[in-house]
Amino acid sequence: MATHKFKPTHYWNTLGTHPHVLKVAPGDTVLTTCVDARGLDHNDQQATPPGNPMTGPFYVEGATPGDTLVVRLEKLRPNRKRGWSGVLLASNVIDPDDVAKLAQAGDGQGRWDWEVDAETGTAKLNHPSSPLHGFGLELDPMLGCFGVAASGGQAISTATSGAHGGNMDYRGFREGVTVYFPVFAEGGLFFLGDGHALQGDGEVCGTGIEISMDVQFTLELIKGQKIEWPRGENQEYIFTVGNARPLDQCVQHASSEMLRWLTTSYGLDTAHASLLMGQTVRYDLGNIFDPAYTMVCKMPKKLLERLE
Amino acid sequence: MATHKFKPTHYWNTLGTHPHVLKVAPGDTVLTTCVDARGLDHNDQQATPPGNPMTGPFYVEGATPGDTLVVRLEKLRPNRKRGWSGVLLASNVIDPDDVAKLAQAGDGQGRWDWEVDAETGTAKLNHPSSPLHGFGLELDPMLGCFGVAASGGQAISTATSGAHGGNMDYRGFREGVTVYFPVFAEGGLFFLGDGHALQGDGEVCGTGIEISMDVQFTLELIKGQKIEWPRGENQEYIFTVGNARPLDQCVQHASSEMLRWLTTSYGLDTAHASLLMGQTVRYDLGNIFDPAYTMVCKMPKKLLERLE
Amino acid sequence: MATHKFKPTHYWNTLGTHPHVLKVAPGDTVLTTCVDARGLDHNDQQATPPGNPMTGPFYVEGATPGDTLVVRLEKLRPNRKRGWSGVLLASNVIDPDDVAKLAQAGDGQGRWDWEVDAETGTAKLNHPSSPLHGFGLELDPMLGCFGVAASGGQAISTATSGAHGGNMDYRGFREGVTVYFPVFAEGGLFFLGDGHALQGDGEVCGTGIEISMDVQFTLELIKGQKIEWPRGENQEYIFTVGNARPLDQCVQHASSEMLRWLTTSYGLDTAHASLLMGQTVRYDLGNIFDPAYTMVCKMPKKLLERLE
Amino acid sequence: MATHKFKPTHYWNTLGTHPHVLKVAPGDTVLTTCVDARGLDHNDQQATPPGNPMTGPFYVEGATPGDTLVVRLEKLRPNRKRGWSGVLLASNVIDPDDVAKLAQAGDGQGRWDWEVDAETGTAKLNHPSSPLHGFGLELDPMLGCFGVAASGGQAISTATSGAHGGNMDYRGFREGVTVYFPVFAEGGLFFLGDGHALQGDGEVCGTGIEISMDVQFTLELIKGQKIEWPRGENQEYIFTVGNARPLDQCVQHASSEMLRWLTTSYGLDTAHASLLMGQTVRYDLGNIFDPAYTMVCKMPKKLLERLE
């Protein structure tokens, strides 16, 4: 159970079978850093071109296609003061007939800064010309984009997402969560980046409060367990993640994956898994901005514990 | 501020300009009952044909098109012991290639009973052949279908929903919530029914735990305030409701309505309303089963209070 | 086989169980007129409020729910000189990020006139300030909105469509076509209107070249044949019509209906109907503008004749 | 204007920046072969693993990102006798509630053979147990999957499609068509494969009649012309191609691209381009089976010629 400190020197804008930067054993912990979505590091310097640059990939010894990679996100800590966000709602999240309104929003076309204050746990708007200059929101750091090398030798842009994870922009990917990815390539090849100091559901203005981060995570391996879509768990819920368009298909992917999970690991048949999902399932909207959207299907752990 | 007790003698399966059963003044309170989705009353007797039969309509004096009808749901109390629910996931909420599995789920094709116990606050599965017979879930009563006469002289089936409300099947429509509907016809014409003892997000097995109810609500009127989609508020959030297909369009309707609300009533311009939505908005999935789906866009009241 | 001349004196903006204007026997022919989408008649006079006003309904003796109403569109003849159309693409048919462009298109925000010339068979743009003033397009008259009283006692706006037909805006509904509708109410109750001198696929600028019409049609009845969605046939194809959102669901409705048709009337099992659809089916886009979109699934008659 | 004969020795299952197999000058012609979707060659031998294996990539001298690659498909000739197809409709093209029917279709779950006869120009069903054994359909050879290296260093599976082309499965990609692709990588890197002896709209049973082919094409280059989505032209139409999900978004991409084309190359402003599209545009359904669907937006050349 080694702990590795890794300082990235280059980054990737696709999730594919790129040369690994570090080989780790299952159970190992990694401390590293991520630049922000535009490639700016902890000094707010351009470390690499923009577009969700990824730290990694990390190769997990013994991981082969058909396994499940386990990622425990132990620390997600913004490592500089300045965050930034988009302002206007994305044109696809409001009624088409309302889109023209957005064109008349002055300096809202650009990006505004936020001052991220770890001590008070807030991000304060830092846009002097705004009447809300200084307005604070509570920090809730998360990773926007992370995952493994995509299937079939593909290299998929960090702008989008799929069964391999990627740019899911789900605010539930915060400190303390455990995430499961299907392994498609030797070593799994784990990538991470695109930190958000906080984000609303849907990433509806196209960004969270974007920021570079110090990250600590532990990688484990479940040999021979094949999953179809990312899964996860936190203290309250187990959950599954569907990445696609439209949102309806995200729900289908996530619900099908939950049905598989409940019927293979919780002793339920299709009828009983359905029955319990019907009355107790919760869905979260990850993002409705990226090329592939994200919906999350959650089942309460307390309920599942009562089944045993 | 009169209180009316109203005992329904007939029901409607469409929301349209039907003759009203009671005329009330703004501020009046109504105590009445609803049969369940299949038309079964508090004695479990068939009171009317199935298909979300509605109690009402209630005519609010002075309501004219362009106003907003305010509905405070004060009491939603299941009034009999037996509830029932569908079992299997609906065929549209899982991946198409997984649908065939559902056909092999034995007596899951039917409906199963639940015993609703107001004292313990639980619904217990009452299906003796099931290994989960007696398994209990916490009650969280809600209305599946309610709203006003639809626009333009339409009469819209209680199977579906729209700008007038209808079969939204959102579990946030529980006791204590206030709901706002656009008025499309003289008197508004408020209808209600389709009680659920509880329901998961999405109504993914096609029903909640369906049950008849005693209901108390108060109707008020906001003259001259035109809204486009249903709105609501509870202790934590103001929210807007989009009813359409696919879910993407629900999000568009609900987000556009929230943008209107924030810019007309909270002193925000498009840029600042967008900025705050981007980082703090929450979306709930109402239903993904009915002909029109439902998504809800929520903004935290605590945040909005800090704007003033 | 009577022929009725009917001159409308009032119109409907919903398709529901309204009082019929004429009772006809199966096999009877009707000659009547339709106002245009904005309620303007053959004299270009406002005969009734706008919104696809319908002539009818026509009651077919003997028609009861579960039957199929057959409509032969024998003559569709624009009956005045002036047509009009929208100009700009609808905001929902282009990429959301391109919508703002539309706001800058000057007098394109409005409606432009066309001169419809039956002799030359053309519609000529009549917009003197346009460089294309006088530009001609070939006439191809069609009905945008027609159908029967909707199911379950509903009254559905003529802005939209469903299993009962309605505002399908499919340019294949031209002279010579036979259309089949499910009967949901006693007498079927056939309505028609919304003539277009011509229209592109999709009705992507929100209108065809809108015009009033003289219409001749014959109504017949297939007792006891229950269909789920509108069907039709012309010289080359049999076809089925799906009305919904998104287009994906239109395709599902239309394809399911075609599968039913082929397996119940053409002696094919599911495998063979699928096989032939797979290699020979054609789909047309009716409209992608109205609240419900329309896609049409077509199978070549020549192919089907070879099956017998 | 050289003519190159190229015999492939290996194939690709992604469209990315793979080492080119041949460098050609703009204007050069290539004669080569493609294996079928499962990797079977002209001798019906397994030449490479299945999954739309691609011949290529071909590097065009001088092509750099921001250019347009022009592909003239001059010959598409099935080069063996045996074709094969799926049988059953895909589960996503019919109503979810009808999907279970498909499970009961016996040997329709598999693939059936067709005998492709170049002399008679027909493909005859070669499935002795079928009552339609020997039934013939007219050949209309096309390429299912072809395109260029994807943007941003991605390698995209040949199962799907995007701005770079890929698995569009549009039956309009037949002999005689000219196709335009955006260049995203040095040399463009053109790939091709997945021949179909014929196919219906939508590829609704998941395949055309799949077959290996002899292909002749000519590659040209338009320096400095940046396009966003594939374009094409045949004798009757210019057309644009949108690849996405749902179909609605395909229409948006294709319509936006057509609007760009008409306003940049045909002297039309937004209003007039819209006006003409509204009344004369045609849409074809490419596929509604692959991960990304395909719709095609077409404008008649005869009309456009009258503009000049």
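Brief remarks follow.
Each chain gets a letter, A, B, C and D, in the order it is written, and its residues are counted from 1.
Please note the rule applied: contacts are C-beta pairs under 8 Å (C-beta built on N, C-alpha and C of every residue); 3 or more make two chains touch, one makes a residue touch a chain.
Quick caveat: nothing in here was measured; it's all calculated off a predicted structure.
Between the contact lists of chain B and chain C, the overlap consists of A, D. More C-beta pairs in contact connect the chains of C-D than those of the other pair, out of A-C and C-D.
Each chain gets a centre from the mean of its Cα atoms; for chain C and chain D, those two points are 32 Å apart. Distance from the chain A centre to the chain C centre is 46 Å, each centre being the mean of its Cα atoms. For chain C, residues that reach two or more other chains under the stated contact definition are 92, 96, 102, 245-246. Across the complex, chain B meets chain A through its residues 85-89, 92-96, 98, 101-102, 104-108, 112, 125, 130-132, 135, 137, 198-209, 245-248, 251-253, 255-256, 259, 269-272, 274-275, 277-283, 285, 288, 293, 295, 303, 306-307.
On chain D, the positions that touch chain A within their shared complex are 13-14, 16, 51, 151-157, 159, 244-246, 249.
Across the interface of their complex, chain B is touched by residues 90-92, 96-97, 99-100, 102-103, 246 of chain D.
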